[in-house]
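Read from first to last, the chains carry the letters A, B, C and D; within each, the first residue is number 1.
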């Protein structure tokens, strides 16, 4: 059975059918989407273990003298990504089916199925052409979804668009350079050819376009500006996809192409056994996470805050991967998978809040937990995972990343990562308090209630996944053992049981730790309910220094701490961070626009100067070509 | 097997709570004596806790209860992973990252519980506490990483055992800069003066605890005792050599707590942002300097 | 038979209460409501001269954590409202100490138009401290007396408040929510 | 400028007022009801910019209220009290709000405690007293003892008879 072809073609077909016939009917669209993702999931599941499986398509395109053959090759890395993408999209579809009742919902199914079929091209492409096609094919529908066809999202979505087009162009340039140097478009072959004549002077420059393309996609430091904006303007039920999956394609690209080159010493020079370039890129990951963490402190929009959190987590992943050690790769991939799960869950809960309240401003929310307990519990477990606290999955992968950093004795890097990791605690607590706790707003007291069961399904699944991976990391790491073997992970780092976390500086039995934690919690619970009785009081019966709030016209809105949460901190640090990169991209955009306007004016004006100039330039080029 | 682990865990929990509350009580006595007062009896903290547990409490939402349970449960679980003179409920050897991130669940539980009370003073205090936490975790992590690098292990037990062979091998003599840095960080961790912005009774009505009556406060006090125990136990394991028996270990712990108390009794309070900046300059500087001396020179 | 069990249970409960009362009396958290001049007498009691912490009495910042409400001095019509609000926010068991003559009968302000004369008409007071001002010694002796009373289970002001809730509310309402003038002569 | 000259100057401008020097730096001006705003405006322009407070005195035997405007000059470091007398029955007086904005809160207070109406002041709602229904308490004809006995249930005191 032709798996990949089926999924790609089916995706395009469903997209067309929905676009032609069911554009107005969201329910049918989403049911088709769920069926499609579920079907693809099952198809993909059967491919586990068949790593030699491939699908080749004949084509009539010639590039030079070479006849292009499109091949989709099953591989472990792509498979694990694909299975997660379709699994997550399936549950996201269930959520969206419920969400489609809301007036904030848009029919994004045709575009989304296109994205899914594009992801297959990226993940299983054997050659660069297909990879690039998938890459562009992924970028464009996302732009239309993020934009939502609304003017107010124009400037926000432009950040996404401009940077990702830049990334796409860079990728094309990179592919051209690779082709020029190796005369082949096959990824694996080109890597081995490049490695065989690595002494060439072009080596470093050859990789730069790829760095740009992949770092833009994964929203790493200098290019992170698009992530918060795209998240905030995308429809609420699409944000999980951006954070959970979209930005992971950058990481996939790095694992696919850059990691094999760097780890084999493509660029000469090492520092403590790590290629120097990779070492600096590792620090880039650290900078990414620190900058995103600090920027998240002052964010008031909950989706933007969580987008910054995603950027910070991408920072950890990049750090781990660019250590170019097997343990680092293990930690990086594990964290990628964990981040996919918990961040999708977090964004789904945010979408649930948005579904009921219609606002993403944290200062306009508060006390939602009292009305939406399941959503709250899901969010809580999600942020515990995101903060890397023990019984959840975020901890397990962070443990491996720390072990990988310590293995290479990069102690300063570990300290810096601690900063970002602790900082995560600050902004996540802020989100927890401002959205879910504190005083409930009067306007939400009656209107907000728990989301329907259909929308709770992904939350329940997510909670179970997060906790079970946290306690049994082997659930994810054990199936991946063939891949780790292929990158040469030493035997001591390979899991022997479901719950033993490997590490260079020691192991950890998560199951035992979880038992101890459960024991302590049970003990305290018994103590709490054995001793004296407790009774409930309303929320506004609160310590107010002896004043009755009603006397002063103080309602729940004003008895909530929502603005300037980390003001002392912001006062000292934020001006420094706000200036640096956002300003750069703003000026960049500003001057680019001016340049465009200048060219535009040449043709707009009545005089013929423009035409003469263009003709002149063309003539110069032609003659120049002859001369050179 | 598992019952043995749980029994051991239960006994250690009792010991931890006992020592924690005893330390707090003795601490009150010592502070009183420094201030030329007679002071409460050393067992005052036990009386307080029992009274609070017997007192009627009010709650606003079950999240408050969940938070209180998470807070104490998380910290007790943390304490059960810190070796007490080598004693642990199971052979975990005291994994450092687990201790750091498991204690965080205690603080998160506390933060969540007080937020659910609906009083704006509580998140205000938590915000201060977290800003401070960002301050002290970094120098503390730096110090921890020095010893992890030296022993090539991320276990407290190995670090403690690596100092065997007399007082001259103890880390606080061999690595004095790291010791001073860690001491300052621990002062902030215990929220003793000059780092007690989060409590600030006159400013924000005892901050996070503003709406915690009766048994919530009782659990909070036990939690405070447990966290004092954990923090002193970490420093003891890191710097004060391997301990031969539990009494030896406890005396060392008390020594650490005594230093913190003496500083607490005579100090004023930092401003919020200045505390974080101070922690990022002096203790972190000391930690990094020690790192430089140890690994580079 | 049933009666006997009932009686036994009561006896046991009282024994349990006695144990708890020991802890209650040895650990008192105090919320001082500093309305009048009396607050100045508190620093000497808290600091090294008299040191009330040796009896287990400590100041607390919020009513939720407090056991004793110490009303230092006169309460006006406006402050009594806050006082009642604060008192009702304290969880049981709780006690109130009336401090100085003003809380007993208005003191030197007895004929003022806004000073409450008898505080225990509005909230149940367990112990009054006489004097204008009471000296720190007398405050400490009052604390000791209150501890004794708590130990014996005599200080039941909070239960009095619960039992006579209507009466207290009536008095409070008469003062705070009056609709007609008290004196003839009427509206201004 | 000496305070004496100052008062003479004012007297030249407004011949109908009475003046009195209290001390070296304190003086009083007596003025009738309908002219006092002119004096206040004049004084404000003559560097008496600071209205320290407004207070009232109840001359119950003369059946008059006396409203006092306590002014202070930062330039000369001199205080002048402008005293206006109005009949006690249904007391009314124009507001000084147009001269000093902050006169609002003083007038509100005087209104609350004496029942004097300030014509033109938009907000004279109660400021200090809680739910007050009786006569304004600072008026001399308000019997505070009787009020206290009745409101606070004092009853008869021991040894009073």
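As a working rule, a residue touches a chain if its C-beta (ideal position, glycine included) is under 8 Å from a C-beta of that chain, and two chains touch if they have at least 3 such contacts.
Treat the numbers as computed from the prediction; the structure is a model and nothing was measured.
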Find me the chain with the mean Cα position closest to the mean of all the protein Cα atoms on display. B
What whole-number Å value describes the gap between the mean CA coordinates of subunit A and subunit D? 71
Whole-Å gap between the CA centroids of subunit A and subunit C: 59
Distance between subunit B and subunit C based on Cα centroids, please, to the nearest Å. 37
In whole angstrom, what separates the CA-based centres of subunit C and subunit D? 41
Find every residue in subunit C that makes contact with two or more other chains and list them. 62, 64, 81
Which residues of subunit B are in contact with two or more other chains? 54-58, 205, 210-211, 214
Taking the top-of-page definition of touch, could you list the pairs of chains it picks out? A-B, A-C, B-C, C-D
Note: in the complex, subunit D contacts subunit C through residues 115, 128-131, 133-137, 141-154, 157
Mind pulling up the subunit B residues that touch subunit A in the complex? 2, 5-6, 9-10, 13, 53-61, 63, 65, 68-70, 72-74, 76-77, 80-81, 89-90, 92-93, 95, 97-98, 101-102, 104-105, 107-108, 111-112, 115-121, 123-124, 126-128, 130-131, 133-134, 137-138, 141-142, 145-146, 148-149, 152-155, 158, 205, 210-211, 214-215, 218-219, 271-273, 276-277, 287-288, 291, 295
How about subunit C: which of its residues touch subunit A in the complex? 33, 62-64, 81-83, 85-86, 89
With touch defined as at the start, can you tell me which subunit A residues reach subunit B in the complex? 367, 369-370, 376, 380, 384, 387-391, 395, 398-399, 402-403, 406, 409, 411-412, 414-415, 418-419, 422-423, 425-426, 429-430, 432-433, 437-439, 503, 505-506, 508-509, 512-513, 515-517, 519-525, 527-528, 531-540, 542-543, 545, 559-561, 565-566, 568-569, 571-572
Taking the complex as given, what residues does subunit C use to touch subunit B? 20, 23-24, 26-27, 47-48, 51, 53-56, 59-62, 64-65, 67, 91-93
